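One structure, pasted below without further comment.
Chain naming follows the written order as A, B, C and D, and within any one chain the residues start at number 1.
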Amino acid sequence: MVVRAAVAGASGYAGGELLRLLLAHPEVEIGALTGHSNAGQALGSLQPHLRPLADRVLEPTTAEVLAGHDVVFLALPHGQSAAVAEQLGDEVLVVDMGADFRLKDAGDWEAFYGSPHAGTWPYGLPELPGGRAALAGATRIAVPGCYPTAVSLALFPAYEAGIAEPEAVIVAASGTSGAGKAVKPHLLGSEVMGNMTPYGVGGGHRHTPEMIQNLSAAAGQPVTVSFTPTLAPMPRGILATCSAKAKPGVSAESLRAVYGKAFADEPFVDLLPEGQWPATAAVYGSNAVQVQVAHDPAAGRIVVVCAIDNLAKGTAGGALQSMNIALGLPEDTGLSTIGVAP
Amino acid sequence: MVVRAAVAGASGYAGGELLRLLLAHPEVEIGALTGHSNAGQALGSLQPHLRPLADRVLEPTTAEVLAGHDVVFLALPHGQSAAVAEQLGDEVLVVDMGADFRLKDAGDWEAFYGSPHAGTWPYGLPELPGGRAALAGATRIAVPGCYPTAVSLALFPAYEAGIAEPEAVIVAASGTSGAGKAVKPHLLGSEVMGNMTPYGVGGGHRHTPEMIQNLSAAAGQPVTVSFTPTLAPMPRGILATCSAKAKPGVSAESLRAVYGKAFADEPFVDLLPEGQWPATAAVYGSNAVQVQVAHDPAAGRIVVVCAIDNLAKGTAGGALQSMNIALGLPEDTGLSTIGVAP
Amino acid sequence: MVVRAAVAGASGYAGGELLRLLLAHPEVEIGALTGHSNAGQALGSLQPHLRPLADRVLEPTTAEVLAGHDVVFLALPHGQSAAVAEQLGDEVLVVDMGADFRLKDAGDWEAFYGSPHAGTWPYGLPELPGGRAALAGATRIAVPGCYPTAVSLALFPAYEAGIAEPEAVIVAASGTSGAGKAVKPHLLGSEVMGNMTPYGVGGGHRHTPEMIQNLSAAAGQPVTVSFTPTLAPMPRGILATCSAKAKPGVSAESLRAVYGKAFADEPFVDLLPEGQWPATAAVYGSNAVQVQVAHDPAAGRIVVVCAIDNLAKGTAGGALQSMNIALGLPEDTGLSTIGVAP
Amino acid sequence: MVVRAAVAGASGYAGGELLRLLLAHPEVEIGALTGHSNAGQALGSLQPHLRPLADRVLEPTTAEVLAGHDVVFLALPHGQSAAVAEQLGDEVLVVDMGADFRLKDAGDWEAFYGSPHAGTWPYGLPELPGGRAALAGATRIAVPGCYPTAVSLALFPAYEAGIAEPEAVIVAASGTSGAGKAVKPHLLGSEVMGNMTPYGVGGGHRHTPEMIQNLSAAAGQPVTVSFTPTLAPMPRGILATCSAKAKPGVSAESLRAVYGKAFADEPFVDLLPEGQWPATAAVYGSNAVQVQVAHDPAAGRIVVVCAIDNLAKGTAGGALQSMNIALGLPEDTGLSTIGVAP
């Protein structure tokens, strides 16, 4: 099988990571690469780590350029995917790495993004209940946000098993690549090194409704989410610390059993051995997910910590994993669980 | 006034930061400096940033060496302060930067430290209700832990004002100096750079009972604390994200009013202007505390974020601030609110 | 004595560091603060670490605003200082932290900056031979570049003593604040963390002619300089590794003697004890300079390594030190040699 | 072809990186893994990023354990490889990642390592003149040091082409993993973050004679090397800035031509396009080598900058590349030139 793949938005961090992974995917042939302000430039100057593609020149993001591929990945700013996707036929698999088609509720979309809702596509988190069925044979995939990937994987087992109260409290630290390659003063190296700072506190982050959507579906009832993201002084990685009040009768053992069962057959998610805690460094550059759980009887809460690479499993790796499923390839084709450490 | 100060444990991070601040304190004259395994060495090789003290040689930590000073600071491993303090008369102000005398409840001490409780000294967090009164004229001071400093400042106003339910959820990121200078594999630079990882999850961190003690006192009722500390890839700084369910009727305005009032006259604590969030880089090397609040009506919670320098306000600066009060000096003598940034 | 100081360019890194130091200077009263695109904004949002100045509003950079001060510091982009300085009378001390008045040779200026030469002002590196005499009573001061500060201090003793051949090879690592607060893609945190990369290789860096000027003056003959700057993943600090062939007869002892003598009476420069090497962390936030020397008989070279804080001694601290001399104040007024570490 | 490989010293950074690469090598089957103090422990707790090997238990480093493999990699402390290798037959390929068999001159070995010389094995830097011929069919391979890898690749073309004077000056920055996993105070995260500091200045670093050996061989005459290594605040990567006086007649064009020719057919080494400079981040985790050259006519020098990943091409990747050659496999089997960035 040869899958010809185009990437729209190849100069950014998500696009670059996707290309890094596509280069190692045995069934994929890399086709058109497009950019916006960078169209006409060679990729070598924009993504110097992608040596085999150094001489490839970015084309403009148009339907003509993107036509004729088996898969088209969209790594575009919010709101731009629908127009492009409409021009690509249903025989093409379109994988949107942006936010446009993640939310089911149009009201949520409009409240958090301030624009008309483009629609809802099959959601690219295979580990969720029913996740793989929704992706098999799909021709449109909405790749989850990086934070919702980590948080949903951390908490869906507890909610599916009914062991947690429906009020989740989440504090997550993200590496700076999560903010993208856009040049903003607070993302300068001088500002972020040696610094931890929160943003979007109090419910304002756009990933919040996506978490609520996933956790509520797992719980079968509405779940509220208090989400505080923080910017950490590292290029990659998300560490999500998630907790909720334990339902009566929950113990350390029953908690661990729930998670052991949830991830027993997952190719990318590990419930770590007792005593070992997730570390973003351990999943650096890989599609692996590290999860660990604790029961705090004094506070009456369960605490679940999850580490992912925001660009890999949190974006480009998750996209490829879902592509594999949609195309009927083995789910882990071209995807590694081995981190680059130290 | 000339205050002659001795420092026991001058080779560690807490001792080094204290000396940095003492050198800038206009009323203090630095006396004996002691160490354990480093006794006999010049400070210049151990603390190369403390240039004016480069030629001072560490003496062993004995009562004879520490005698004859107005103030003795103890930066010793847990469990060693009592024996030293007993040999120092009541006319000497002893400031313990370790944990030994922080907890009021002997059972808590024994549960978390596994040794007999040494006692309880006046608690060195002046901003707490009644905090300054307890320190005025004191001859013994227990300096708070770094996490409890940040967390207690973040949440006591809400509990004192009765606007938060008594179940606090706290996730805090700390720079590596919080783990001290002890040489452990997981603290190697190769391990911590680019890495976020939690520890002591589920109630196991020794600072938890200290937070409970402070917040329960402010609330006038027992408060539970779910505390998850994380190690962040930076040398200094604590960012504590603290939340609790809001009591009925709380609004963004009333929340802000509570905090504005609580910190109105505080020399070191700032409730930041709306829209600006605490950043550890902004308080680097200073005694300043940045606090910001948010009300999340969808989740029904208040969120308070607090940034301090763990070595300064979180340890050595807090110690000096309390010393100033105990000795009747202006509270901010020798203490700066200006961070070193970028 | 009360020195009223204005700062033009208060929103950048150099301006911010200067304000941090001015706030701690006992004889200075901070007057007007100006900005360009940031005029009208409160300093609190631009420099959140400068808490006592949080409510000060930036004014536009005009002669009217800057008039009526004893000292005016200019932290402006290259080429803008002359026009401002002309409008300020000779009774005002103008301290230019930019490059405009550093070079004596108009041809050098034009070759490296591509614009007409504005002139030459007394050079603000007091430690150079004749440096203090040139600054006493001066009403105009050109603050050296950060790299030339480190390199000139590292090598002038060898050239003044005639123990080194006049061909210097210098490789220096700088923290990212040396590149300023301008928002450029390669300065994003995601790009600089975990990364070392050179720039301006092969003689192209604008600080090269300034080094040549200083070293040639010390040597009494033309010195060539091979200078390679590199960008290091840290916010502050310069580590300059400088070497030259040793003249015949030089030994480790004679080399050390030359440097010991050169810095014996310097308040800010330390020749470190044998076996200890300069570290940028040890001078973080301070005006201290660490120097160490080695003789490599196999390679026939002397190697001198120098560490400074690029924003402190390398810019704002050096500016204040020179101001103190020009105004007849003790040279170290308001300047610390104590680094903030770890 | 199935190559059964054992790794002695699997718990350290070199061993861990080798395992990461071996896991991706299509012809290799990982056999015995050994450790010293860690024998008996599962790899999952020591190398948490190597998920597929998490349950593998380290065995003691003995001849019995290492017997029966096609290849044995030794990642042992200096001085221990000879004893192990002697017990392994000549039909086994032994790849020593330590220093023991790198130097040809016994006197050099004794001067720098202070112990008897174990011998000299074929040298694992295929890019050197005659490098591949020496490795084809070899049963013993000495993997070069990380610094000598970068420096030799940077300068051998100039010396082979006779365009540089035989006095090289090198300043290199290394990530902290180059110092290994041994727990030493100066390698603590608190010490290395935000810090640049040199070590082994003045000719003392043990990699110096190895550089001299390689460059002298390329030049056909003795080359002196002034080498200053510095420790940079990043986990991985070496940036080597190398220069030498240009022989008469050298120009930017002729310099570039020499390097273009030297690396034209190299699978892992890139002479970057003009204007682009090596960056350690671009080769992170890969076997790629980035090189750029400059001619500085004013200083009369050529400057060559080289970036590698010290653990990959600088150690484990280089070892695999040489193994491939020795075994007759395509040289790039299992080795990527794609960096993990940002």
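FYI, contacts are C-beta pairs under 8 Å (C-beta built on N, C-alpha and C of every residue); 3 or more make two chains touch, one makes a residue touch a chain.
The UniProt protein names, listed by chain, are A, B, C, D = N-acetyl-gamma-glutamyl-phosphate reductase.
Please read all numbers here as calculations on a predicted model, not as lab measurements.
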(message) Shared numbers divided by all numbers used: is that above or below half for chain B and chain C, i.e. same or different?
(response) same
(request) Could you put a whole-Å number on the gap between the CA centroids of chain B and chain C? (result) 35
(message) Need the CA-centroid distance for the pair chain B / chain D, whole Å please.
(response) 45
(request) Scan chain A for residues touching two or more other chains and write them down. (result) 13, 175, 177, 190-191, 193-194, 233-236, 279, 281, 284, 342
(request) Please categorise the chain-chain contact pattern as a line, ring, star, complete graph or other. (result) complete
(request) Provide the residue numbers of chain D that touch chain A in the complex, in ascending order. (result) 13, 16, 20, 23-24, 44-45, 47-52, 177, 193-194, 235-236, 270, 272-273, 276, 279, 281-286, 288, 290, 336-342
(message) Going by the contact rule set out above, which residues of chain D touch chain C in the complex?
(response) 167, 169, 171, 173, 175, 190-191, 193-199, 201-203, 208, 224-226, 228, 230, 232-237, 239, 241, 243, 245, 277-281, 284, 292, 294-301, 303, 305, 307, 342
(request) Please give the residue numbers of chain D that touch chain B in the complex, ascending. (result) 13, 175-177, 179, 181, 183-185, 187-194, 233-235
